[in-house]
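Which chain is which? They are A, B, C and D, in the order written, and residues in each are numbered from 1.
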Amino acid sequence: MSEGSSVPGVLRVGLIGHGFMGRMHSLAWQTAGRAVELPLVPELTAIAGRNAEAVDRAARAWGWRSATDDWRSLIERDDIDVIDITTPGALHAEIALAALAAGKHVLCEKPLANTLEQARAMTAAARDAAARGVQSMVGFNYRRTPALALARDLVAQGRIGEIRHVRAVYLQDWINDPEFPLVWRLRREEAGSGALGDLGAHIVDLAYFLTGRRITGLSALTRTFVEERPLATSASGLSGAAGSERGRVTVDDAAVFFADCEGGAIATFEATRFAPGRKNAMRIEVNGSNGSVAFDFEAMNELLFYDATGDSAGAGFTRILATEPQHPYLDAWWPPGHGLGYDHTFVNQKRDLVEAIAAGKPPTPSFADGLYVQSVLAAVQDSARNKSGWTAVPTGSTEEGTR
Amino acid sequence: MSEGSSVPGVLRVGLIGHGFMGRMHSLAWQTAGRAVELPLVPELTAIAGRNAEAVDRAARAWGWRSATDDWRSLIERDDIDVIDITTPGALHAEIALAALAAGKHVLCEKPLANTLEQARAMTAAARDAAARGVQSMVGFNYRRTPALALARDLVAQGRIGEIRHVRAVYLQDWINDPEFPLVWRLRREEAGSGALGDLGAHIVDLAYFLTGRRITGLSALTRTFVEERPLATSASGLSGAAGSERGRVTVDDAAVFFADCEGGAIATFEATRFAPGRKNAMRIEVNGSNGSVAFDFEAMNELLFYDATGDSAGAGFTRILATEPQHPYLDAWWPPGHGLGYDHTFVNQKRDLVEAIAAGKPPTPSFADGLYVQSVLAAVQDSARNKSGWTAVPTGSTEEGTR
Amino acid sequence: MSEGSSVPGVLRVGLIGHGFMGRMHSLAWQTAGRAVELPLVPELTAIAGRNAEAVDRAARAWGWRSATDDWRSLIERDDIDVIDITTPGALHAEIALAALAAGKHVLCEKPLANTLEQARAMTAAARDAAARGVQSMVGFNYRRTPALALARDLVAQGRIGEIRHVRAVYLQDWINDPEFPLVWRLRREEAGSGALGDLGAHIVDLAYFLTGRRITGLSALTRTFVEERPLATSASGLSGAAGSERGRVTVDDAAVFFADCEGGAIATFEATRFAPGRKNAMRIEVNGSNGSVAFDFEAMNELLFYDATGDSAGAGFTRILATEPQHPYLDAWWPPGHGLGYDHTFVNQKRDLVEAIAAGKPPTPSFADGLYVQSVLAAVQDSARNKSGWTAVPTGSTEEGTR
Amino acid sequence: MSEGSSVPGVLRVGLIGHGFMGRMHSLAWQTAGRAVELPLVPELTAIAGRNAEAVDRAARAWGWRSATDDWRSLIERDDIDVIDITTPGALHAEIALAALAAGKHVLCEKPLANTLEQARAMTAAARDAAARGVQSMVGFNYRRTPALALARDLVAQGRIGEIRHVRAVYLQDWINDPEFPLVWRLRREEAGSGALGDLGAHIVDLAYFLTGRRITGLSALTRTFVEERPLATSASGLSGAAGSERGRVTVDDAAVFFADCEGGAIATFEATRFAPGRKNAMRIEVNGSNGSVAFDFEAMNELLFYDATGDSAGAGFTRILATEPQHPYLDAWWPPGHGLGYDHTFVNQKRDLVEAIAAGKPPTPSFADGLYVQSVLAAVQDSARNKSGWTAVPTGSTEEGTR
């Protein structure tokens, strides 16, 4: 908790970043306090961003009480309890380290950092901060999809038995057009990697979230299909106008890898932005000795579950609409069959974070979990550079992972 | 059994009709003896049809030992055990009555007849014949879809409880084009009715097959969207070349009705040939107090089953691939997950008929069941003519229906 | 606009009702101003409800500036511009008439009223108010589902041609258990009707929204499967604790009807709360001479579209993920493939209402549209009482419907 | 053509093997001549198998004119035109080489052989035989699934543009139970490999069939999850009774690999028999610069097609029911929407083979295509043995592949 005296019952939030992710987090902080009764009510205290005018506009539109183009000023303020980081990955480490040092709780968007070294430093800082009651969390929002939280519960209860296969793809098509401009997400200096870090990070995290098993080694291949693109004339990571000059794409367009997991399971992964028609097909299936679970974010309210131990004539994949009162997070939401959207994963995330802070317990996924994902991504890049040679993922840390 | 001495272990078949249905039955008789071990091996003894040249060609192509353009000669032959009728509905009664009188077992394609009066006469004749050990069956082949037979078993076992709703549609689009010619299926004199008898008959039968409950009364609406069409210059019921002259469509293009069923359930039905994109969407869902079953023939190897009595967090419709060894009819077919096609419903039908004849037991569905369906269709036409007024379906018979 | 001077750029909202629908509207008013740039920013000025304590709690939780247990006081206040009515149907008419008389814009949840007489009075009042620049809208939120708005656009553009069939069901299962208590939605005095008004109203509205064709006559059947239930010991319409005494269910559990539409199409409808496994299966399909559209709210981000005029080898139902920038309402929402939820239909509704008020144009659906739906529901009840006899739907009004 | 004078218009078939595949081929040869008009009518001349009694029974049941337990006698007979090989892979080479040397056309089930050396010898022999007008074909029956043949046509027409991704899995679960016995398919001596050769071979062939691009290099991982099983007390490859003694599983239970393809595409593959609930999930998706195709054999009559070049508001995956007259092979089959089954892939295969033989043209897939698949499988095994190291697939042959 920050040094200034916190108003009882309120959690004062400072958000850094006002792009697409900044907007998602703003809406989620707004809704979190209204959709469910929280032990601390979030207050949208301040927002910071690079562009003074744009951040002012964002503050007004999204309900933040103050705005600044100096993110450091948020960390210096003693009326802010939590720093929420939604900038490009290159800034994560600097901001998070400063915030933790100042005693702010930190929520940091994924990937944790652009380099393994930064991620290690952040994890060490988070461990130290935790000892002082200062919490940190990495923003793998998809864990908060009710259908995936349900899948994780079923697996944790042993409903599918011993894990043998994980099969995960994350398919999009938004840069399929070779004339789509060279936005920051296509430049290594800012984004660290391409589909790998943007999409692959999510499925690596989910494979671990669902099974509790980490990857120990892997072989990988990456590919850049379109090597030059028009320079972007505007700054968004997701869209932009194309100019007439061209520049070099310095990240992967697609990454594929297979892996060994703790406990003997094998896992396959694919992340691509070149799958026409697949808009946000984050798909993951886990096969165990007693059953299977399968999920596709394009039908995010559904979980498929196969129970190999039951009545054989009636066996098949059950399509569970994870919209019922008995499902994870659903106490906050709608009647049966009334679906949730992408934004609800962020609201559920804020809820979990606020409850953890109020209870003085470490939220999940931790920075150590974020470091684990970065280690896998680094191993993918190493293997890809090394003719797909088998590459071990260093276990590195004595900390227990947190599902 | 016909009077001539039957060769032991063989069932000698005479087929009448060499259109599309004649071909389906021919292939099915061929395959039935090979796909599964039967108590009597079918022999394709003779085929009869209106056109001598065409029936000769059909006999050669499909493996019949002899051919004739005189269907009566088949009934007179004493080396034929079973008469299989696949002609247009207008001929069913005459042929079936003659065959039963001659002591031949009869398989008659649906609908049983074009008029209720004919259907009643056929049912009475079948009842008399049964007393002499001569069997008869009406050809509702869809009952032999493994997924539907499984649905029926689940309902009969009480897995969905007390029946409350039946919801059935049969949607096709093959005459959606107003220039599609006036084939025999669009003429009342030959076809009796349109979508109602062709498609509606199947779903009325299936509603009864699945639930064991008959319709007691109904309200109906029929519609002919395209009232004139080019005269057909060739004779098929399903396709044909269009000429320049036009004629009047004298059957319904679509029929909708809802009904009260024995035991308090309500049922809805729709049959149409004007649903673009729906190629053979015969869909039926039954809701009971404890669960539901749902089926779509366009995915004919799948049954959806919902069990309302189980684990609530894991509840949902289970997609059962009815292709496993433990499913109905599957002992004759392929390994798990290797689908069946439309033709297998006919092979399964032959199998059931042969086994019933060999055992000297009445096969199902009986002519009485066919009469029941005709009674419902007649009530639909009465109600439609009478401003959709509520119309009782006469129970008529003391016989128990046979599921 | 109310007589007091409106703060420029702000739309001051007074909400009446703090049940489930009150919560949905509260969240939607909150989000509407943040998700998209609106010409008037909604202000959550006041909330009214029957229970003073509960409405106070709701005001704090959902962000309303003031609370009262006297709904009339909201209408008397001159700092409120729009009255949003989410009470049970029995109160709709009294509130709406008072609000319109006071010059407040009105958003009234569906069904417009519990009786046709009330609906007529409301429609007349709305017409008079409109002449004074006071707008009114009935809350059929499902029209604001992007996939359905897209379907309507495709139909309006003639993409499926001349309409022939509408096929709509709305299936739920939340009162399937006979021990579920007798909540207000199961009592005619408060709810007007059962599944018919709650669910059937939506699909009647959508059939009109999608096709622009009104129902002219119909035949109907209604059914109450569970005639007595435990009295509820708490007051929600959707859930509650069961006591030991029992009371009579006075509404329908299910309603089925078929209808003639303007222009020669035929339509079928079914509404039930007794379809186990169907959680919110609001399904509608429209078949035209050139194609079809189909939708299921359980997969609310998807529209199925069949184009019968294109390349025949590649023809089939296209599953459109209505989550792309080019789809209706999506400029306010997420990147491709990132789904929306049930709540977004309400936010889109507020957006449309605010834009209409700001432009001084009548929003849709109008009270006249709500009256039309009530007229259909009344005809359903008349037909059901009259042995399913054909019943005309009075056209009643000279106003043009508004899609 | 064999030396003895062939009866004009007849193609005399000798089948070797009477297990599950022998039965499939028998039914297919029976049906092929009846379902479609062929230039040569297949005659089921003789069947050979190891067990004299069993092969006699098979001959009677499936309609073969003669039976023998000496496969060499079939090759010596001059009244046989084509030898159809359905034995375990270990015998393929010896039989095929003898048959080709004797001037018989050969259809050989996949995989072509258990070793690369055998496959090379067979391919060389087939090339020599072709020069003498003697044809050969390897039995990748799934190419004859109409939906996949349609996919191939769309790709060949350029409808999806330049290929970037192939994503193929073949998932089954039939040996998931560790007590399932050690049938021949689990022993390297007879089966060559496990899931890799049985399932992986099909998807390697299909990736090539669909795209026309060969794999040039790959990395792979294989795994045996259950290392010991009860010895089988009966001889089938697909099922059997378990005894009390145990033996070692000497093949892979699962294989995963990714690959570079000619032209720059990347491909991923997974074959496993340990995916509970996946009965025959042979799934393949191809992404190109202008669109995608996707297929799942568990819904074998459906092809998903995405066209990225069309109307953006209406874009989405189109579910094509490949059951229409305009689709590949469908001239031989049923009306629209009436599905085909697994067996029809074999009938279509016979049809293509007979037409090629009659035309004197080489059928596809050729033995060279089978050798290519074997080369990929060998590279997979090499890579897996070599810590997943990148392994080139030798191009080996100057022959053009045949799609």
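The definition used in the following text is that a contact is a pair of C-beta atoms (placed from the backbone, for glycine too) under 8 Å apart; a residue touches a chain by one contact, two chains touch by 3 or more.
This one's a predicted model, so the numbers in the text were calculated from it and none came from an experiment.
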Shortest hop count from chain B to chain C along touching chains?
1
As a test of understanding: of all chains, whose mean C-alpha position lies farthest from that of chain C?
D
Of A-B and A-C, whichever chain pair has more C-beta contact pairs
A-C
Using mean CA coordinates as chain centres, what's the gap between chain A and chain D in Å?
42
Distance between chain centroids, defined by C-alpha means - chain A, chain C (Å)
36
Calculate how many whole Å lie between the centre of chain A and the centre of chain B, each centre taken as the average of the chain's C-alpha atoms.
55
Counting only residues that touch at least 2 other chains, which ones in chain C make the list?
173, 278, 315-317, 321, 324
Would you mind writing out the residues of chain D in touch with chain A in their complex?
160, 164-165, 167, 169, 173, 176, 178, 219, 221, 223, 225, 254, 256-258, 260, 264, 266, 268, 270, 272, 274-278, 285, 287-292, 306, 308, 315-317, 387-390
Can you name the residues of chain A that touch chain B in the complex?
150, 153-154, 159, 305, 307, 312-321, 324, 326-327
Looking at the complex, which residues from chain A come into contact with chain C?
20, 24, 26-27, 30-31, 34-35, 37, 61-63, 172-174, 238, 278-281, 297-301, 321, 323-324, 334-344
